[in-house]
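Each of the two complexes below includes chain A, the first together with chain B, the second together with chain C.
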Partner chain A sequence: MVRLPYTTALTTLFSYGLLFAFGQLRDLFRKLLDWFRSKDLKGYAPICLGLEDFYVRRLYLRIQDCFGRPIASAPDAWIDVVERYSNDNNKTLHRTSNSTKCLNLGSYNYLGFAAADEYCTPRVIESLKKYSPSTCSVRVDGGTTQLHAELEELVARFVGKPAAVLFGMGYVTNSAIIPCLIGKGGLLISDSLNHNSIVNGARGSGATVRVFQHNSPSHLEEVLREQIAEGQPRTHRPWKKIIVIVEGIYSMEGELCKLPEIIAVCKKYKAYTYLDEAHSIGAIGKSGRGVCELLGVDPADVDIMMGTFTKSFGSCGGYIAASKEIIQYLKYTCPAHLYATSMSPPAVQQVISAIKVILGEDGSNRGAQKLARIRENSNFFRSELQKMGFEVLGDNDSPVMPIMLYNPAKIPAFSRECLRQNVAVVTVAFPATPLLLARARICISAAHTREDMIKGLEVISKVGDLVGIKYFPTEPPKLAKEAHKKRESSIVAERFCGCDIIGV
Partner chain B sequence: MAKLYVEAVPPADMNKNTEWFMYPGVWTTYILILFFSWLLVLSVLGCSPGMAWTIVNLFHFAITYHFFHWKKGTPFADDQGMYNTLTWWEQMDNGKQLTRNRKFLVVVPVVLYLIASHTTDYQHPMLFLNTLAVMVLVVAKLPNMHKVRIFGINAGN
Partner chain C sequence: MMSALMNMTTALRDWVSALYDAPPTRAVVFGIPIDGHLVVEALLIVVILFQLTRKSYKPPKRPLTEKEIDELCEEWMPEPLCPPITEDMQTEPPTLESAARPHTTIGGKEVINFASANYLGLIANEKIIGSCIGSLEKYGVGSCGPRGFYGTIDVHLDCETKIAKFLGTPDSILYSYGISTIFSVIPAFCKKGDIIVADEGVQWGVQNGLYLSRSTVVYFKHNDMASLANTLEKLTRGNKRAEKIRRYIVVEAIYQNSGQMAPLDEIVRLKEKYRFRLILEESHSFGVLGNSGRGLAEYYGVPIEKIDIITAGMGNALATDGGFCTGSVRVVDHQRLSSSGYVFSASLPPYLANAAISAVDYLEENPSVLTTLRNNIALLWKGLSDVPGLEIASHPLSPIIFLKLKKSTSSPKGDLQLLEQIAKRALEEDSVFLVTTKRSSLDRCRLPVGIRLFVSAGHSESDLVKVSNSLKRVAVSVLS
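Showing the complex of A and B:
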């Protein structure tokens, strides 16, 4: 549920219409100018139809310098961004050898493990010397080292499931596992704002895919009832199995999934649940165990838990944690396990060390400090932004906070002006988000100090005034405290009221 | 000035090409664009209001026919060509007929026709052109014409 001023909706639609019209005009002139040029394809078909990449050519390339900026350092709280210039209005960009040090508000560095860490880095370098950067083999041949076995046990223990399996890439974990779990004759019900990897996996599985309204257990129940009653398309036979896929924290909204209610609905109709904790594992919950710990859900109630090591652990790769039987089955059938090179050993060691720090098994309490710091940082940043009048999405405690921009022209304005003032932000537009709802996504890290965040807030406030994105009225300081208390109590009330919908 | 806010529930439509039409403000923007283009035509050409409405109607016919009923597919490659044989009108609302959005889009050319023919006092040749425009547009939007290609026109990929 997003609230936007009505005039903003009108102007955003009008701007997109104008951009579309200009893009079409340019395409028309290009077709006319190229009318007499010989299109000698030597009998081959064209690689893409002219219409398919219209969005990329006419809208994305205009503001290409806001995306894909190369960096020249580790993605810590401060990051070196390489400067680029363009001679042909952003059609091609060239790197220079200069870089500017900017405040990093875009990396998924939730616990600060992205830069050198006093416990993790020496151990990673040691494992690099001992095991070398690559195992040069697939898991089933010669690619399972002691580290891989250790990490699988550690992940299973951390998450609270009997067993786990690792993969070298987070995206592949979703898109290669879902086809192994379900096939033709099965039903996948996924949240409407699920990540592209899940959508890809769902399409590749061959099962029927249905979508339910984002984070709405009542609509999920409606869809489940309708689909179970109708059965498979055309034959109306009963479904072979039903899997419901949700995410822990939705990366474009910053909000938590309504997990207890959704699990209750799935249990009522005997559907399996698949939880993608890419952004929530390690970042939320009292001991970092993710959205299950935060919302009080028993991990045994979720059938399959998936996560990635890229966000909170500062490494790369993904895992699936489930019962012993499922993991054994996946090890025999999943192509990502049978044919893909195994995770790089230093990356595995990084995750092992990071989990040990989080659990406190390295002998210090840095893990607990980091978790407390990220919670404080996120709540502070979010409440300050809301006080300034920005429209910020996401729940409290979530380290991801999108600031709504809406108008397509404000995307490059915000991004470039922030970069000029040495703050690096990530802006997201259509088609990763709905058309009207373009946003700048801020990711807070435990490595950010109070001074860093205050500087970030000053810059964002100044740029927000220039660009005009303070859609809500600013709160005067003395009313802010009461509003803050009211907001917190209303969120708690909402979480408890969710159970009323399904009569639990 | 009190700011008017609207609440939007993101619709559960997978097709990004048509999903934007379900947000609030689209109908108003459409009508405002038509009205402002009439003002623009009046100020640039300096013709009578009736002629201006006729010109707006004919341009509206050409543009909406081209983009709603001629162009097929989507402007991005993400969906792997799933909709490559469907025009925008056929993709709307996931193929469901007679939804609110569809009814609105049928009413707009008819209202434009009424305004254009009234302000030109039903004279020829404007009446003939306006009638032709509205008949083609309304027939193209009928539910019976879903996925129909007359004489195989526009059936190619």
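Showing the complex of A and C:
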């Protein structure tokens, strides 16, 4: 939960107000100067009228160099960030051929499969030679290869559902599946902080959409009761069906979803559940099976489980796992299955190999090691940051940790200063987060070693002092030592138990 | 008794006459004389004002009690999540056991593959595979992040520059999936209140983009320029406001649903007359039409600046995955922040971007592959023009050859059954792999269904002869 102190809120509002005022002033001057220059639109309406792109032109462009930084290496624990320069005050950026090696705290590389892997890469190259980079065809025509069939079975087994279907892109999975499952006359209840792909899918379906407060099963129950009692708007006919959409880990908060309570509520009111595990599959849970395993929920209780392969498996694409009938129906009618090019075969092979490593079916225990390491790393990093006095969001065990910045000027300050000290971080502001709640988001990976993390912590602490984002008091060292000892022993006990179960 | 009554009536009469005869009451308040009737009138006014201030009568609201809500929730029964599975939902497509080249393996047998949009025959090209292997060893498979957060790899930027240079536009932008390109581009530019004129035969990706944009969409008859001119005229005539709102025409270069080609010169003339912007979807014409494969604009000799936005999926001629969009600098820059499929999704895997660069290189160095493709299309057209019961519905230059039934049954389902029988028998008996159109229940296109053949530059003459003979034979036995 974010606790925004009053003084910070005031200063943030003041900063935004100042930026807004300056932006308007510059717009005024631009209008005056353009009075004399002829318009070359020739009777067409402009692409963006007036204030539609005010935020982009006057606020975002000033700090454009903090976003979209190109890299020249694999998105592993250390990356080569390409240097860019600008001649016109950040309006256009040009690449140079120099690059600096930086610690990567921004890529979604939870299990470390991003770079060439000793088990996966040879197999991927083999499949590339056999099947080519693309099948140039849709799945229902000539785009299904043996690899696709194998992966669908493997994913279904991994997730714990009877059947699964693959798609070439995670975003399209949500946008194209939700309209197939529900249409006009149905009700979608989605968490207020759901991802843009879910929002798009919900809009494209034509169903009525209602939002419940983030991660609050009691408010969900209230909304369900009210909606079932009232029925469809204006006609008051009963709803055809109700689907509740939640995510496993919310990527901007790092929080886990309160899955057991939400499933209990949905079962009571006969609503269907749709779980989007984009960030949590493969990254949490004792054997990497996601938030269901971590929170002790039976996968049979969730009607539809969706996930992506981009984050933990180092590939691309998405999947849906559900009962056999639903999957057969989706394969018959889902537009992404009927009209979109099938997933690239080497990417499919990468996922197959990655899942085999995680399950230990490649004959080694690298999977178990990776899972234990990411849990250790996340907990260590989070506790150290909290000790230093940063405001860190998210639950324990979650590899995503946002650090609150709030003030708009601290965003570029934090980002650029960290880059100067060779640490690459990701900063997020409006519109991905609410206006006042800008943050820096850290994604920990199993490829980070203890030394990498200590270096990262040092740099963040130094920059945090410079920029002034340590909103909480630091923990005194003696208490820290005792807490650390307790944590160490519990981690050792966990690791011992975890490896025991998987090694069998 | 009588006298008492008489006395009472007399007393009453006296009292009433005394009332009538009494002088009017008069009071003196603060030296001002006030008549009695004024008091009565003042009281009446007070009473009227009092009534006016009372609220009007409404029946009392009785919200549902908790118990009633509980009962309603108990009674409510949802529909099942998916409808019951029927026979035709259970068919599985054939599984390929090797690369989707012109000759591929299905079920252990070698078949001639007309189901892959591998127009330039670049699948299993040695150079492309070599560059992909280099890329895999350097960058791994996925890019692990969206473009804004360290997911931009230098090969993406190289690919964008290469495509822009190839087409002659200032800049281009890369998307990570073919179908998401068009349904992210349209909502980025068209908002509520804008006017879009679209062909009624556009594919699902375009339809979804049009729906998500929440603009007013008007459809014109499939590939009919007179209908387009009429629609444009109707929308702009007398409409003064029409000049201030953004207006777009959305067409595909080669329609996926019918194989027709859009007459670009006519469309550009109409667009300039009525001041509309043009969005052209070139998935099946990029790398196919024109002397050097630059697409529909080169084929018609229209300068590329006249087309405002060009999008294409790279899963066809370029034998890779993903899509791109190109246009003026303003168009491309606008998408980098407001196109949802670009901002909120992971970027294209670097090895696929490398494959795209190699494919464009190949096309620039070997323009003769286009002549081979054109010859193949012409040969197949000739061979298929006399298949009994089926007629060619696509343009002579389109790499998708679309065959529909000459005499259609009353429903698309019936048509589809006959066509699927033809395709199945062609695969089993003659080892020729063709496909029929499959429509999703969400697709609003009502064009006739048919059999599609994707011609490739890698097909040999004997392949084309074989498929024509096979179709002739199977069509006769199924359709008679």
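Throughout what follows, the second predicted complex is superposed on the first by the 475 of 504 C-alpha atoms of A that agree within 3 Å, B and C clash if a C-alpha of one lies under 4 Å from a C-alpha of the other, contacts with A are read in each partner's own complex, and residues count from 1 in each chain.
Rule of thumb we're sticking to: a contact is a pair of C-beta atoms (placed from the backbone, for glycine too) under 8 Å apart; a residue touches a chain by one contact, two chains touch by 3 or more.
On a predicted model such as this, the values are computed, not experimentally measured, just so you know.
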Check chain A with both chain B and chain C modelled on it and let me know: fit or clash. fit
Could you look at A:Ser134 and tell me whether it touches chain B, chain C, both or neither (first, second, both, neither)? second
Quick check on the superposed pair: does A:Ala372 touch chain B, chain C, both, or neither? Answer first, second, both or neither. neither
Taking the superposition on A as described, I'd like to know which of chain B and chain C A:Ala300 touches: first, second, both or neither. neither
Return first, second, both or neither, reflecting whether A:Lys240 touches chain B, chain C, both chains, or no partner chain. second
In the superposition, chain B vs chain C on chain A residues touched: C
Answer with first, second, both or neither: which of chain B and chain C does A:His214 touch in the superposed model? first
What is the contact status of A:Leu466 with respect to chain B (first) and chain C (second): first, second, both, or neither? neither
For A:Ile454, select first, second, both or neither according to whether it touches chain B, chain C, the two together, or no partner. neither
Angle at chain A between chain B and chain C: what is it in degrees to the nearest 10, using CA centres? 80
Just to be sure I read the superposition right, which of the two partners does A:Leu25 touch: chain B = first, chain C = second, or both, or neither? neither
On the overlay, how many Å separate the closest CA atoms of chain B and chain C? 5
If I apply the document's touch criterion, which positions on chain A are contacted by chain B in one structure and by chain C in the other? 48, 53, 56, 203
Which chain A residues qualify as touching chain B in the complex? 1-7, 9-10, 12-14, 16-17, 48-49, 51-56, 192-193, 203, 211-214, 219, 430-431, 434-437, 471
Under the touch definition given earlier, write down the residues of chain C that touch chain A in their complex. 64, 68-69, 72-73, 76-79, 81-85, 88-90, 93-101, 104, 113, 115-118, 123-124, 128-129, 132-133, 136-145, 147-154, 156-157, 176-180, 183, 189, 203-205, 208, 211-212, 243-247, 256, 275, 277, 313, 315-316, 319-321, 330-331, 334, 336-338, 340-341, 343-346, 348-349, 351-352, 355, 433, 435, 438-443, 454
Per the touch rule above, chain B residues touching chain A in the complex are 3-12, 14, 16, 19-20, 23-26, 28-29, 32-33, 71, 73-78, 80-81, 84
In the complex, chain A residues that touch chain C: 42-45, 47-48, 53, 56, 60, 67-76, 79, 81-82, 95, 104, 106-109, 113-117, 120-121, 124-125, 128-137, 139-146, 148-149, 168-172, 175-176, 179-181, 195-197, 200, 203-204, 224-226, 228-229, 238-242, 269-272, 303-304, 308-311, 313-316, 325-326, 328-336, 338-341, 344, 346-347, 350, 424, 426
